[in-house]
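Each chain gets a letter, A, B, C, D and E, in the order it is written, and its residues are counted from 1.
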Amino acid sequence: MGRYGRYIPWIILGCTILLFPLRTSNYYLQIACLAGIYIILIIGYDFILGWAGLLSLSHAAFYGIGAYTSALLSVNFSIPFWVTLPAAAIVAGLFGLVVGFPTLRLRGHYLALGTLAFGEIVVLVLMRWRAVTRGVDGVTGIVPASFGLFVFDNNKSYYYLLIFFILILAIFARRIHQSRFGRALIAIRTAEVTAEVSGIDTNRIKLLAFILSAVYAGIAGSLYAYLFRYISPETFGLHQSITILTMLLIGGGGSIGGSVLGAILLSFLPEWLRFLKDYYLLLYGVGIVLMMAFMPDGVIGLAKKIISKIKFRLPLRRNV
Amino acid sequence: MQQLTQLIVNGLTMGCIYALIALGFVLIYRTVGVINFAQGELVMLAAYFGVTAISIGLSLIWAYVFVIAAMAIFGYLFQWMIYYPLRGKPFITIIISTIGVSIILQNLARIIWGPAPLMFPSFFSLKPLNIGGVLVQPQNIFVFVVTVVLFSLVYLLLSKTMIGHKMQAVAQDPETAKLMGIKVDQVVAGVFVLNSILAGAAGLLLAPIFLVTLDMGSSVLMKSFSASIIGGFGSVPGAIVGGLFLGVVEILGARYISSHFKDGIAFVVLLLVLLIIPKGLFGERVNERS
Amino acid sequence: MMLSIENLVVNYGNIIALKSISMQINEAEIVALIGANGAGKTTTLRTISGLLRPASGSITYNGEKIDTWPVEKIVAAGLSHVPEGRRIFPGLTVLENLKVATSTWAGRGQSIQPELEKVYRLFPKLRERTSQLGWSLSGGEQQMLAIGRAMMSRPKLLMLDEVSLGLAPNLVQDIFQTIKEINQSGLTILLIEQNANLALEYAHRVYILENGEVVMTDTAINLAKNPQIQDSYLGS
Amino acid sequence: MTFILETRQLCKQFGGVHALRPFDFKISPGEIRALIGPNGAGKTTFLNLLSGIYTPTDGDILFKGQQITKIKPHVVTRLGVGRTFQTVKPFGKLSVLENVMLGYDCRAEKGIFHILIKSSSAKQEEEETKEKARKALGFVGMLDKQNMIITSLPYGQQRLVDLARALVHDPDLLLLDEPAAGMTRQEGSDLVACIRRIRDLGITVLLVEHNMRLVMDVSDRITVLDFGYLIAEGIPEEIRSNPKVIEAYLGKKTNDAIN
Amino acid sequence: MHKKILIAALILGMVLTACGPAVQEQTTQEIPTEQPTQLAATESTQATTEPTQAATVPDTIKIGFVAPLTTANALMGWSMQQGAQLAAQEINDAGGINGVPLELIIEDNSNTADVAVNAINRVLSENPVALILGSTSAQTLAMEPIILENTLPTIIMGSSPSLTDQGNPWVFATRADDGFAATAAVKFAVEDLGAKKVGIFHAAEEFGTSVAPIIISALAEYGLEPAAVVSAPSTDKDYSAQLLELQAADVDVILVWVLPAPGILLARQMKQLGMDTPVVANPVFGLSQVLVLMTPEELAGIYSMTDCVPSQSTDEKILAFVQAYKDRTGTTPDLFGALSYDSVKLFADVITQVGTDLAAIQAGLFAVTGWPGVCHNYSFDAKGRGGYDISTVDISTGTLKVVGTVSK
């Protein structure tokens, strides 16, 4: 490899991602779009779980709040996508703040259960508060996203829209990870009291993690609403939070690469297994168990291990 | 008044069920620090084993024996395949693994036994007993009695016996437990077997009341979970108190506030308890490992 | 010779923790391992008790090769290890802590009472605290419990890792006095000590470890006179 | 204001246990003060009260004349108190430099939006933090290890990094909890020199330590606690010969050894 | 740097694997979906299919089939799958459609909207000429835009009126809608059972909750208001709070809209609480798997409103179907098995007449009048809704006894 050799894989990767829609069926494109939304969700969730080390099971609720905010604004008031998307982010972020506050007192399994309860209550409200949320029937008739005269009304164009958002949000996430906020999050996770005594307002940072992850989830929710143009409460229940958790853990927490890999892998895995017909979900379960058994640190952890073997040295330095 | 009593009696029955399912995973949590998300599926599996036992012509008593034996073996295999390879990994890794197992068992049961609900007989007739105007099912009384007995046994086992102390020692510091000559792997395997047997008992007791369905365990798992948190996670007495409390509050809330929010009641109660007494009613004897 | 270690090599992943350690421990001795942090003292102890597996070399105990035995078999054979940081079971009472350590021999019709009495005689404070939970004990009491607990497994060789760490000087003196008593009742003792003064005061023989190797070994009396040791390990 | 830190009738109970009896304590600026006493004497409790980790049951804490009695730890730190711990819990995944930078982050002002858009002021602030952290690392002699992952360092060196972390935000008062525990003798005497240099920067030092040689060596004054009570205070020579101290704490033999 | 390269390689690997089968499909088939107008779609499909036909006769005619084969509604999905497969087998045994064998592309929707959309796209990638959906309304609503976009004639077995109210001309419903069924239930309760104080018990999920307001407005036609409306999530196992509320309201008939397992538990718990109020329920008690689990006491006083009861028919054709279904599955066909059987047969009939052109099939379906199936006689109205019969069955005796039928 020459001087620019190291860029070759990146160029190939970039081209593959950009050209993917041109060479694939609508079926795979749809899964890819959904995977893209999951990528945003998981990068956001990583703030809470991978970075702050807090096990929260309410992520799907923020996702739902984002989706409903966008959908209802679009359907009731015909507000365009470029307004409803930030609105979704803000509303979800506010909920993140509200949920974050009381749960700051909770640790470990208690936090998990507290947030789980919040998530279930949100779904219940979405289902029962018919006057606002349209209840169990869900919201139909969401106007497609558009930019100027260009309308994102098919999976192909939407795919590129998602790539745009993923790139922006991944860059933002990376900047936060590498800033003092990222340091503070790691500090809180590994030694909370020491962090506090080092001058870090741990409560504020934890709230920040909650809000950030809720904002990401809100954006993901909004993008989901515009992808499907129909939403219903059941999508945002506990099973979704568990899917999100599984995706992050399979990918490997604490890194954007892990989030991306987990989201893609678990979005495609059940679909790849469909040829097994009756047995496909069974094998999906087996897949999860095997992945945890053979790569307990996620795909990204395994990748790092292989690399450290290749390099014949220990990862003593942290790549900044 | 009579209706109120009836509601409380029924609430207590549900509470027993929550507690019974909670008991197993409280045990697992205390010993290996892991939340077993497949607990509901263990209960379900036991009930389906029971159905199979009856269908091959075993009497009810022998079906019970068969199920308990099968669950004991299953518990051993479960820890051997799921827990043993992941020992020493962060608890969350093992949790994901148990989620995988729950998906496996759900689908396995669907493929083997089909999606239709099935029947499992009871020792008792379905005719309710009229006790002072309150109607009570004999099977429910049976559930109540067995729950109390099982809780007492597990409590005594943990707090009064050598094997219980060993289990706690392993839970609190597995490496030091090894240095004290405790066969840690055996103790852990034993806990998984015991958990499986408890889940088996729950499955057998619930099957005649609930029917045997794919979701019979998982549908109450989250409530059991909430119950054990309300009682104080990891605490055996907490599990039963939390279970009974939740059962009664839920049924009263559904009756006198609104049945449309019945599922929410458990979670609202859970949130309130967490915010007011974050460690639950009975707290934890040992601080959490994480 | 009670315990003999030959050319022991231990790795943590890719890091070599012990390069090649050889040492001998005779019956009824107190042997101390001293050295800087990271010299391999704790690793040596953990390998003897079976928590770590050597990459090569051998550990022989009373003529039997024990380096492939499971931990509980090593404990049952009479090697008892008091780990660094006391590591008592916080959620068990003092009595329960003591009881669980008898699992290698108890329950076959043998009463644990004589052992219990012995421990209470050594550490009378523990008797007062029988039903207190482990975490509620003070640091010194926890250390007593940790040693007492190890005594419950009927050891022939007691291995102590940094018992003085974080304890007040007068308590350290008390505990070392007790260790001496234990030794005089016939137990062999292998201890790790940060405080070289203390080690030289109580041990019969001392091994000095540096970077995973034994750099010097002699009787405590000789070492105390050695000017080189005086200079680098003992304050003057 | 003659004292940099003053406590008035400060006490702490856990349940029914008196961890610290009403305690009056004063340190003058620029002093090196040692706090000694047997285990369970309340020394760490006292430090935790000072740094805001515990809330006192009763009494007041004044720092530079200002009430800090019920103030959260991170605010106490920002006011100018540095603190190290008995057992170092380094921030595992971070490098040595980042561990130290963390101690200066409380001085940063640029919010999250600056970081998202990578504004030049945010970049400048990050550079400044890095510079400060390097300086602090240089001060404790660990600059050459700045890019190592902290957990790969030996324990004694981790303690030095911890010290740099506690120093980096320019505190006026530094609380050291058993700084020499787990250090070799050489590292211990380096530490003594280091503590002196810290004092020379104008920082007041309060340390809790069991290593009597170090305590006698470095401190200007010594305060002795026993089971929550103050039993003596004075210059090292006084303490060494105080019969109450010898009985409660030092033990005869150790005392002989020190002398 | 190496880390990044590896990640890149991993992603690349995945993406390529994902592309693999899709690329093959692309080379062999043209998807007639991206055409701007219906007319153009028709023309271009013909244009592209004709040469292919000339080269190779299409080996199969594909009909997509998406239903909940796993998770909560697996029982319903299972019946549907059996009915559809039986129909396909009969058609193929008889020589296929105009000599071309029929192939069902069966996919599971896991009872969630996301997976349902994936499933329908998966089915579409096989180029079916028709689609049968056995999903809940939420999933069907999520799929409707795709159906519209792909102009695919689709038969749904959902009963929510909202499904056919979307103005999607490609969606046809074979099942009587909830409005019709609920009206029939209210009519039976009031006119035949003489109800004065009606209680409503519905599942808390979407299919139950959406029916409640329909029942209430049907009651209003008789000048009645429900005495109590209660609900329970299908995961709930104890209904005493709800039942005692109904009891306290002193209701004389309970209208029930629930899933199978809750239905059985409800009937059982009513008797346990000493309630013998008559129950008029959705088709749940018309399912053979439900009946076998109930004791005679529990069955007393329970009526079910169902689209059809094939086993009670006197029609020979229908009885032949019942027998064939029994031989195949060992159970009596329920309405889902029958509906799904009808849907496949109906498509096959239409395709036999008009060929595989999508617009022609759509027109063919609209032209259907009184097509005799095993469940209904079908005629589709402008909204695409067909199958307007509701039978009231009395199950007191342990068998399904039809006591009345309402037709439009």
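The criterion applied here is as follows: a residue touches a chain if its C-beta (ideal position, glycine included) is under 8 Å from a C-beta of that chain, and two chains touch if they have at least 3 such contacts.
Note that the structure is predicted; figures quoted are calculated from it, not measured.
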For chain E, the least number of touch steps when starting out from chain C: 2
Chain pair showing more contacts of the two, B-E and C-D: B-E
Chain whose mean Cα position lies farthest from chain C: E
Distance between chain centroids, defined by C-alpha means - chain A, chain C (Å): 50
Distance between chain centroids, defined by C-alpha means - chain A, chain B (Å): 32
Distance between the centres, which are taken as Cα means, of chain C and chain B, whole angstrom: 42
Contacts with two or more other chains, residues of chain B listed in rising order: 106-107, 260, 263
Residues on chain A engaged by chain B in the complex (per definition of touch): 49, 55, 102, 105-110, 112-114, 116-118, 120-121, 124, 128, 238, 242, 245-246, 249-250, 278-279, 281-282, 284-289, 292-293, 296
Complex interface listing, chain A residues touching chain E: 6, 9-10, 12-13, 16-17, 20, 23-28, 30-32, 34, 127, 135-138, 140, 154, 228-232, 234-235, 239, 257, 260-261, 264-265, 268, 270-272, 274, 277-278, 280-281, 299-300, 303-304, 306-307, 310-311, 319
Chain C contact footprint on chain B (complex, rising order): 162, 165-166, 168-169, 171-173, 175-183, 285-287
Of all residues in chain D, those that touch chain A in their complex: 51-53, 72-74, 77-78, 83, 85, 89-95, 98, 101-103, 105-108, 112, 115-116, 118, 122, 126, 129, 147-149, 152, 165-166, 169
Sites on chain E touched by chain B in the complex: 70-72, 74-75, 77-78, 204, 230-233, 235-238, 240-242, 244-245, 247-248, 260-261, 264-265, 268, 271-274, 289-290, 292-293, 295, 297
